[in-house]
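Each of the two complexes below includes chain A, the first together with chain B, the second together with chain C.
And then the complex of A and B:
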């Protein structure tokens, strides 16, 4: 490349509108774009969005997974073997809501899960972050320890906590003296207790996760804001809620989305504890057990999956709206 | 703030010494609270480690919650040798390493095109990928399971001949699923690279590929390092894909194989504890060595809203 070649381009650069220049691509550039876009799009459509849409389609059928699907409408009062693969309309949804005994408990458990994350794990994590962010002695060590559980797989968390909760040899029962066969408390087996026991494990991990997100958020807050607020005579509590917290809006959105999504996704902990039965039913478990188990009810399981999809689309759309709103607007509109 | 609050706090501030005292109490309270929290946070891990370090015979005699008579590493070596754990670790490596590299390569290219090439649907594509990563895994598992049973692969890539129950299948789904998050983070990061640098590169005659390879990738190195750390732990820790998309235990990665081991060692809790500790080691090592990158990765994902 010689200087003569370069100079005209350099001279032209400031005048040419930026957008058009970037938009003009050589043939080679177009090939690069095609390759860089092509493979990820194929993967995403084939293995994420394709299956997601297929779930919606399958949810309107009655299918045991063997044999093909047909476009016939299901006949009432016919042995189900003859009806296999037929169109079932919204019957799967109807059955889920009316006669499937695990459905409403699962919904309730998911809601409890969400509530515990929102009202316990998230505030706790935020509180940790605020204390650590004030730079007290040993803050780095506190941060490392509180974050440790996040590094562990949820399956591992379930196994580790079994040593705490076990009826006869567990730490908790031994310490409180309830480890004899007569008076043992079955933390993970009693359907009235086990959801709460598992939620303590889940919060143990979630709080550390939330803490790190908030630590990142707090670091990004302009210290002058805080100083100004303190000069105005507010106390630490007021400064946090009236000044710092509103400034952290991006982080609050992320934490909110993470909280909702994580409580809908919850699966590993209950599965490792008792395969998600006997008091630990969750929507995610019901979907899995209907399609991967021995009695495959693909259509029905898909309907449960769609219900999960619809619920999760609420936080997903909220997140996308809040995140991408600015980009679709022309610059300077805000 | 309001005049009211000023009135309330000014006299205290004027008192000087009176103001400092509550602050110190606050510090003390914070310390006590955090120490208590840390003890509670370490307790489950420490207790599992303690169980793992004690001989089976001793815990049978005195119970798990008792003073140690002697400690041993034998449970660790037994768990390692009796469960073929090396084999499961190797499975994890075979799944995690290619997945992380492929995700980063694909996401970097994709994010580059979406931020630096003016195509009309780039925001739509970014939304598509980001939303895909937020879907609960169970929403797509039914058709995915069917799809994996339909796709045939050459037997040298997986001896089942299907994507189902093969290491390649797990790589494919991990890559597809994590693409969204990485693309989102990297595109945010790439947006912060000043336009002027690209203009200069363009002036130098750099084509799109050169601008990607020689300019964008080196500048994104911190973000790529942070994401690599995050992805390694996430994919290593994956449980759901491995138990639903693999039928046989012997191909599973170590985290989900642990569930099988739990059944195998059911009478010996000390061995289970030791096995759990061994499985936790890689992520803990990653954390200790790369804590900064790990946290930077999480912060990158949340820095924009």
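And then the complex of A and C:
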């Protein structure tokens, strides 16, 4: 921890000596520290860590949301209504991995989603950004058009694409003449097609998002670097890969994080499309479909939520590791 | 106005609040009937105010009738109840998806006195959790207005009534009269006639049966009717309660018959919403469609299609033992929450709603549902509603629909299983789907 992090009140007390200890803070400083640090910590514990730990706890129980929890062990072969709120051990995890038919498809779809975002949507967004940054004619118009989907909520994106994909009345099938009942292409219902159809919707939006991030990054690249590269006789391709791209390293990390987060929290589009069933299963949807509703399988849904949490922790830990390492490096150099 | 049957909203009910509140254990449901025995059926029918609250002080009504026309019909119903001497009613309307998804936390929090709900297992489940008030004294007064089967639908697992019904609607095969007349088709009553008709339609370039299952639930109706036609009502109810395993030969027979029908069903059902399937019927691209009047007839009204041309017939008989004795006819109605502030006033409202006059008031603006009171003469009934009354009264028993007769978690599991069947109705796939259904049923019902 650096002094500045430990002591946000330093800014409030101008000209404070750098090495001043906490014990020498005035009462007012302490109050400010307590409020500025304490309040976020309390809120964080109450609304992030509390529910997360409660979810972990609930994942070892069987509970339908009515009444309280007990410390009894669930009895085998008893109607579930009499087995409410009991301790269920790791049965929920076991069931998810063995007999729940949606589980493994959901894990696979989450990975496909991540791969498409990393290898398709992000490079596409980067490509758009580079094209627009080169100042082609009407670049502002292209920029607006490509960014437009980002302004819409994903739920709305889903509804817009329903009009494109609808079998009998959709734009795509009508244009290609496949809207008759004999030959209609079932874009959103065929489990072999619908994940890819929805990924096109998602990429349509994600590419615009990535484009804006890269545009900001490209604008920040010192033009002198390019001029120098040009003087050295590089072509446009070499300039980008050897000079511009490495300079954008901070932006690259931001884009990577955004991509991973967006693909793990994918939910809205598949939910709008078909409630996340029949080829569109995702872990986030399975959590929801078990916990939300009239008769809830809170324990089972919580177990799925914990699995999603563990998966999310992998990229989060990687990101934190990279970030903290970068922050400590300059300090070491000082 | 669709009736979304399956949890389908991502607004998260604050389920864990129930944990914090430390409410009574689930086992409490066992004590409910005893605690309320004082106001059960033995009570004289003198006055409606024998409980807490008063029959004249205002009551609140939590409503999921959030679409415009049922909302108006419901408001008229409540106004009529007040005019008939009941207390003033404040209606709190909530979007139906949100309402259904939040029902557990709603009933454990500060619910309205009355709430709109559905008959069958869905009602029994909440009654058994101790979240609903027994209505035996109300039924002592209104019981004469309903048949024994309707009373059974309103009865919880403990033998007390918890529900006052208002309307239901049959699941039947729709067709356009003019279309059948022009092509010379006749209404089939047996499976062989049905398949012959389907073949003829197909050779005429018509889709025999419009079909859609993008929302997941519509195809559950086809499973229900095939099961009731092949194995009968009792078997169906046992299967829904998992007293018969899903790997049973009876279930295999249902899927086999369905596979036989698959070539005549509109293809790509998993990507089509039922409204689009109904349009195929309207435009006579399809010859028939199996669904509820609450959907198809309502869609004809919405689309300004020719409702007078629409007609239906009960699903053809398969097993002669059961003939056309059964069908799905989901019933909607009302319940009183256990935590009602004014149960006496709420009961006064339900005593009015449980009359034929009240149902007529509601049905003035509704052209697809039918009232359930016996001898109801609704001057506003159209041909579809009149045929619905006949069709339902010809049944020996009516089922409620898979997600109302079964645990909703099981119905959700069956949605994906049936969609996988629609994708691949081969024999090998049927076997693996039945095994999957049975494994999940074990996890949901008994473990």
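Annotations for the structure displayed:
Just so it is clear, the second predicted complex is superposed on the first by the 287 of 334 C-alpha atoms of A that agree within 3 Å, B and C clash if a C-alpha of one lies under 4 Å from a C-alpha of the other, contacts with A are read in each partner's own complex, and residues count from 1 in each chain.
As a working rule, a residue touches a chain if its C-beta (ideal position, glycine included) is under 8 Å from a C-beta of that chain, and two chains touch if they have at least 3 such contacts.
Note that the structure is a prediction, hence the values are computed from the model and not measured.
In the superposition on chain A, contact of A:102 is made with chain C only, not with chain B.
By the touch criterion defined above, A:177 reaches neither chain B nor chain C. Within the superposed three-chain model, A:188 lies in touch with chain C and out of touch with chain B [touch as defined at top]. When the two structures are aligned on the shared chain, A:142 is found in touch with chain B, with no touch to chain C. Look at A:305: by the touch rule set out above, it reaches chain B but stays clear of chain C. When the shared chain is aligned, no partner comes close enough to touch A:246: not chain B, not chain C.
Look at A:74: by the touch rule set out above, it reaches chain C but stays clear of chain B.
Once the two complexes are overlaid on the shared chain, A:223 sits clear of chain B and of chain C alike. Of the two partner chains placed by the overlay, neither chain B nor chain C lies in contact with A:27.
The partner that reaches more residues of chain A, of the two candidates chain B and chain C, is B. With the contact threshold set out at the top, residues 51, 54, 58, 65, 166, 169, 267, 271, 288, 291-292, 298 of chain A are in contact with chain B in one structure and with chain C in the other.
Chain C makes touch with chain A in their complex at residues 6-13, 15-16, 18-19, 22-28, 100-101, 103-105, 108, 122, 125, 128-129, 131, 207, 214-216, 266-272, 276, 279-280, 285, 407-409, 412, 415-417, 419-420, 423, 436, 439-440, 443-447. The part of chain A that touches chain C in the complex is made up of residues 51, 54, 58, 64-70, 74, 76-85, 91, 95, 99-102, 165-169, 181-182, 184, 186-191, 194, 267, 271, 274-275, 277-278, 288-298. By the touch rule above, chain A contacts chain B in their complex via residues 1, 5-6, 9-10, 13, 18-19, 21-23, 25-26, 28-29, 32-33, 35-37, 39-41, 43-44, 46-52, 54-55, 58, 65, 128, 131-132, 134, 136-138, 141-142, 144-149, 151-156, 159-161, 163-164, 166, 169-171, 174-175, 179, 204, 208-209, 212-213, 215-217, 219-220, 229, 232-236, 238, 242, 249-251, 253-255, 257, 261, 264-265, 267-268, 271-272, 283-284, 287-288, 291-292, 298, 301-302, 305-306, 308-309, 312, 315-316, 319-320, 322-324, 327-328. Taken together, the chain B residues at the contact with chain A in this complex read 1, 5-6, 8-10, 13, 26-27, 30-31, 33-34, 37-38, 41-45, 47-48, 51, 59, 63-65, 106-107, 109-110, 112-113, 116-119, 123, 125-132, 134-147, 172-173, 175-177, 179-180, 183, 195, 198-199, 202-205, 207-209, 212, 233, 236-240, 243-244, 255-256, 258-259, 262, 269, 272-273, 276, 279-280, 283-284, 286-287, 291, 294-295, 298-299, 301-305.
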